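Down below are the structures I want you to see.
Two complexes, one shared chain (chain A), two partners (chain B, chain C).
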Partner chain A sequence: MVDQIMAYISTELLKDPTRQIREDEPLISSGLIDSFGLVDLALFIEDTFGIRIEDVELTSSVFDTTSELAQLISKKLPSSTP
Partner chain B sequence: MKTLPQLLQQNLIMDPERITLHLLNTDTKRSISYKELILGASGYCQALMAAGIEKGDVVVIILQHGLDLMYAFWGCILLGAVPSIMPFLTEKLSPESYRKSLTSLISVTKPAAIITYPEFMPEVRIAIQAEAGVRALLNSAQVAPLSELNLEALPGLTCSPQELALLQHSSGTTGLQKGVALSHQAVLHQIESYAEAIRMTCADTVISWLPLYHDMGLIAGFVMPILLRSPLVLMSPFDWVRAPYKLLQAVTEYQGTLSWLPNFAYNFCAKKIRERDLEGVDLASWRAVINCSEPMRWQSHQMFLERFAPYGLKPSALATCYAMAENVFAVTQGGLLEPVRVDEVDPGAFQSGRAVNNSENHRSIKMLSAGRPIGNTEVRVLTEGRIDAPERHIGEIAIRSNCMLTGYYNREDLTEKAFFQGWYLTGDLGYLADGELYVTGRKKEIIIVGGKNIYPQDLEELASEVPGVHPGRVVAFGIFNADIGTEDICITLETDRTAAEERRQIAALVRDHVTRNSDIAVRYVEVVDRAWLIKTSSGKIARNANRDKFLRLRFPGEAETVETKAR
Partner chain C sequence: MGLIPILVFLSLSILIGLLARGKWRSWAILVVSVLSLYWLQPAIPIRHLDFWLPTLSLGLTVLVWQMIGSKNAERNRREDGITFAMIGALVFALGLTRYLGKGTFLAPTRPPNPGSIAFALLLLASLSLLITKLREKGLSLANIGAGLVLVCFILLKSQPLAEAVSRGLRVLSGQSSDLASASELQWLGFSYIAFRLLHTLRDHALDRLPPLTLREYLCYVLFFPALPAGPIDRAERFQRDLHSPASLTAKVGLEGGTRIVVGVFKKFVLADSLAYFALNAANASRVCSTAWLWIMLYAYGFRLYLDFSGYTDVAIGSGLLMGLRLPENFHQPYLKPNIAAFWNSWHITLAQWFRAYFFNPLTRTLRTAKVKLPAAAIILIGQISTMALIGLWHGIAWNFLLWGLWHGLGLFLHNRWVDMQRSHPRWFPQRLMEGHPLQVLSVFFTFHFVLLGWIPFVIPDVGQGMRLFLRLFGA
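Entry: the complex of A and B
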C-alpha cells in the first residue's frame, strides 16, 4: 500500500519517478504536496482503495507522511479485507 | 465624491441590521450585520488611535482569513489609515523566509503599525528590528468590538477622496517591494464603473473563497459588495481548496448570483468534485461566474459548463474580465449582456504577432475575449515603437482611467517607468478586434499560477542558494498545463556534478528549498550540464528560449502541441 502511494506521489504529483520518498518524510507540512496535489491524492486513494477521505482529513494534523496515510487507509478499510 | 468610510457609514444609517457578510468556516457559520461590522472595526480603529496611529499612516495586517482580518481592515479605513493585508504564514513556509518577506515589505512600505496575533508577535519583532519607523505592534487578541457606536469619533470620515485608501501587494520578495497605492476616489470610481458593467446591485449575492490579499478577492470579493450592500458569502481559500464543492453548495444555499474565479478553479471544480458532494446543488441563481486574474481558456469554460449544466448552470453565466491592482481591479468585462466572444485564430499567423481569424483550420486557437473596457477606462494596444497597433495585431496593452493607482508606494522610480504619456503600460500582450480585448500573453516575465503572480527571479535566486547549483545559471518559467488550467512551475539549472545520484539530490534539494521559501510548489526540476542554458546577446539567461528548449527536451515529439498549449 505504501509503495503504491509513493509511486503515485513521485510519478503523478512530483513528475519525477526517480524521486525516492521516505516513509517518514513530511509531505504536507513540508509543502512537497501542495493543496491541489492533496485533493488529487485523496481522489487516487478513494478510487484505489475504495474508501472515503473527508476533506477535513486533508491536513498534516491527520497525516503528514506516507506511513501515517497508510494507517489512516487501513483503519477505514472494512475489517474483512486483509 | 464620497470616501470609503462615508459610504460605510451611509450603509449603516440606511439599515444597521442588514446582513453584509456570511462568514463560513470549516464547520461554523456567522452572519454579520453592518452594525456588527462597524462595531468590530471601531474596536480596531480605537486601538490604533490609542497606539498613536493617525490618518494617512500605513498599517500592515498579518492575520488569517477570518473576522479579525475583516474588522482590522475596516478599522484602518474608519481611522483614515491605509491598510495593507499581508498573506499569513502557511504551514510549509520556513519562518526565515517569511521573515525575509516581511522585511522586504517593511523596508519599502515603512508601515507605522503592524497588527497580528500574540503568538506571531516575536516573529514580527525580529523583522522590524532594523526599521525604526514601526511605532506600534498591535495584538489582535487584545482588541474587542466596541459595544456602542460613536460615529463622530471616527477620523476617517474627514478623509478627502484624493487621500490613500489602501495598498495592494503581490507576493514574493519582488512583489512585496511594490505596493500599489489606491485613493478613495480610485476605489469608488472603479466600483461605480464596474458595478454598472456587470449590473451589480444590492439584490445580488456574492459568493467568494478568494483571499483578501489579492485584488480580485479584496475588491470584487470584499470591498465592493460591502459598499454596494450586496450580501457577501465568504469562505476561506484553505477550506475551498480541500472542498471545492462548498462553493457550489453556498451558491445553492444563499441563492448566489455572482462569483469571481481564476481560470484554474474552473478545471479544479469540474474535475475534482465528487458526484456525492453535488447532491441538491442548484446553480440557477448564478448569473455570472467571472473568469479573471490569469489567462482565460475556452476549454476551462467548456469543461465547467459540461459538468455543471445538469445542476442548473446557465451558459450565459460564463463571463470574463481583465483586471489589475493598478486599476483597482477591472479594466474590461466580457459576457453578461451577450455571450463571451470566442475568436478562432490561425496558429501560424499568431506566432508572428497577428491574430488572423480562421475557424477553418482545425488547429486554430480559441481565444476568449476579455470584453470591452468598463466605463471611464480606455484601452490601447501599442507596438514596440509605442504607436497604436493595427486591429488584430498583438502589442502591449496600455490603459488610462479615472481609477488608476496613485503610484507604487515609496517607489517613484517604478511609478515613473510604468507610465508612457499618461498611459499605464500593463506589461501584458494582447490585441483588439471589434472593440474587444484579447489578452495573449505577457511582456513582463511573470509566472501566473492559480491567479498568483510569481516573479521568476525570486525562484531563481532561491534555487541558486542550493549547493551544487551554479549560481546565476538557473532559469524559472511557467508551462501551461491544460489539465489543471494554469501554469506548472519549472526550474532548470546547471551543475558541474555529473553523477546521476548527486544530480537527483540536487533536484530534490532545489524542489524542497524553493517550495519552503516561496508561495508555490515546483512541478518540474531539470538538472542540466554546464552551458546548456541559452543566454541573450547581453549575457542574460533567456527565459522564453530556455522554456522552449526544456519543452523539446522533456516532451520530444509533442513539442509543437505543448508549445501551443504553453502560449
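Entry: the complex of A and C
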C-alpha cells in the first residue's frame, strides 16, 4: 500500500519517478504536496482502495507522511471493521 | 483586548489550572467564558445592543448545538438542562447588575430591564425545544443553522448592510437614525464564533462530529482566551483536551507563562510602538517621501504580525495553563520562501478552515466533473475563489477582495512555477534551486509580495491604495 502511494506521489504529483520518498518524510507540512495535489492524492486513494477520504482529513494534523496515510487507509478499509 | 483583561485572564487561567479538576474545570471555563463574552464586548451607542450581541452569540451557540445533536444519540438531558439553567441564570444575574449603578463592570453599559432578558431567555428555551422536537422527527436543520450564521456574518461584514441594520436598530430603540453607522455593530469575536459554528454544522452533516454536551460545546465555541482573536480550534480536538487529566505543573506553567509574556511584549511593546508610524489611511496621504512610505509599510507589516501573533500567544499560553493546547496560528510567516509556505504559516487555522470546507470540496467537484477542465484552470478557480473569500471574511469591501485576489493570483503563479520546475527539471538544476542565495532571494521576494498586498488591506479606498502602490515605485 505504501509503495503504491509513494509511486503515485513521485510519478504523478512530483513528476519525478526516480524520487525516493521516505515513509516518515513530511508531505504536507514540508510543502512537498500542495493543496491541489492533496485533493488528487485523495481521489487516487479513493479509486485505488475504494474508500472515502474526507475533505477535512486532507491536513497535516490527520496525516503528514505516507506511513500515516497508510494507517488512515487501513482504518477505513472494510476488513478492518469488526 | 487591553492589558487588564489579559492580567485577569492570566490569573483566572492559573486558578482554573490549579484548582479545577475533572468536570469542574469545564464548569469554571464555561462561567468565565460567558462572563467574558459580556465583559470584553465593546460599548455601543445603540441602547442595550452591547448586551444583546453577546446574548445572541450565546443563543446562536445553544441553537446550533441543538441542531448538531444526532437523532439517535442519547444526550444527558439532566446535565444539559443544568448547563442551560446555569447560563440562563448567569445572563439574568448580569442583567440585574443594572441596579448597581456604576457597579455594572461586567457589562459594557447598563443592561436592559430583567423583563426583556427573561423574555429573551424564554424565547431561546422555546426555540431550543422546537429544534429538539424537529430533530427527533428526523429533520436536519444544519443547513438552516449554517444559513443563519452566514446571514449574521454578511450583515455584519458589509458596510451598507451593517449601516442599514444600525439604522433599523436605532429606530427600534427610539434613537436618531441620522447617527447610524456600520462601525456601531462591533460584535465581539463573532468572526471566530461563526467559523466554529460552521465547522461543527458541516462535520455533523458529514457524520464526523463526536457527541458533545452543551457544556463542552459552549466551552469550545466561547473559550475565553480565544474569543477576541482566535485561533479557530477543532471541536473534537478541544473536547479531547477538555477531558484530559490536566494539572498545572511547573513545566506547563513555565511554557504557558512564557507564551503570555512573549505575547504581551509583542503586542504592547513592539506592535504598539510600530503603530505610531505604521501605514494607515490617514497618514498615507500626508507622507511625501517614497522612502518614508516604504518604512511605514514595513512598520505596518510587522505591526500586524506582532499584534495578531501576540494575541495568539496570549490565547495559547492561557489555554496551556488550563490544560488545553490550542492550535498554533503563526509560524515565522515572513521567513518563508514562497507564498504557499506563507499561507501554511500565517493565520494557519483560518487557512486550514477554508481548505477543509471550501477549497478541497470545490477542487474535488471540479476534478470529478463530467466536463473536464485543465488542471491549471481548476487551480486558478480554486485559489482565486478561496483567497477572495478569505479576503471578504475580513470585510465585504473591494479592498479586501483585491487583497484576496492578489494572494490568490500569487498562489496560482507559484503553483505554475513549481509545476514548470517539476516538468522541466533540466531547466532548473536542483543544486541551483535549493542553493542558499536563491533561497534568501525567495524569502525576500515572498516577504515583499506579502508586504505590497497589505496596501489594499490597510487602505479602504482602492484608488488611494493604487496610487500609493505606484508611489512606492517612484511613479
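Keep in mind that, in the parts below, the second predicted complex is superposed on the first by the 79 of 82 C-alpha atoms of A that agree within 3 Å, B and C clash if a C-alpha of one lies under 4 Å from a C-alpha of the other, contacts with A are read in each partner's own complex, and residues count from 1 in each chain.
We adopt the following convention: contacts are C-beta pairs under 8 Å (C-beta built on N, C-alpha and C of every residue); 3 or more make two chains touch, one makes a residue touch a chain.
Owing to the predicted nature of the structure, the values given are computational and were not obtained by experimental measurement.
Once the two complexes are overlaid on the shared chain, A:L14 sits against chain B and chain C alike.
Shared-chain residue A:L32: touches chain B; no touch with chain C.
Judged by the touch definition given at the top, the superposed model places A:L72 against neither chain B nor chain C. When the two complexes are overlaid on their common chain A, residue A:I51 makes contact with neither chain B nor chain C.
By the document's definition of touching, neither partner reaches A:M1: not chain B, not chain C. Within chain A, the residues touched by chain B in the first complex and by chain C in the second are 14-16, 29, 31, 34-36, 38-40, 43, 55-56, 58-59.
Across the complex, chain A is touched by residues 202-203, 206, 208, 237, 327, 338, 340-341, 344, 352, 355-357, 359-361, 363-364, 367-368, 375, 378-379, 382, 415, 418-419, 422-423, 425 of chain C. Looking at the complex, you find that chain A touches chain B at residues 14-16, 18-19, 28-40, 43, 46, 55-56, 58-60.
Residues of chain A touching chain C in their complex: 14-16, 29, 31, 34-36, 38-40, 42-43, 54-56, 58-59, 61.
Here chain B touches chain A in the complex through residues 26-27, 90-93, 238-239, 241-244, 268, 272, 274, 450, 484, 504, 507-508, 511-512, 515-516, 520-521, 523-525, going by the rule given at the top.
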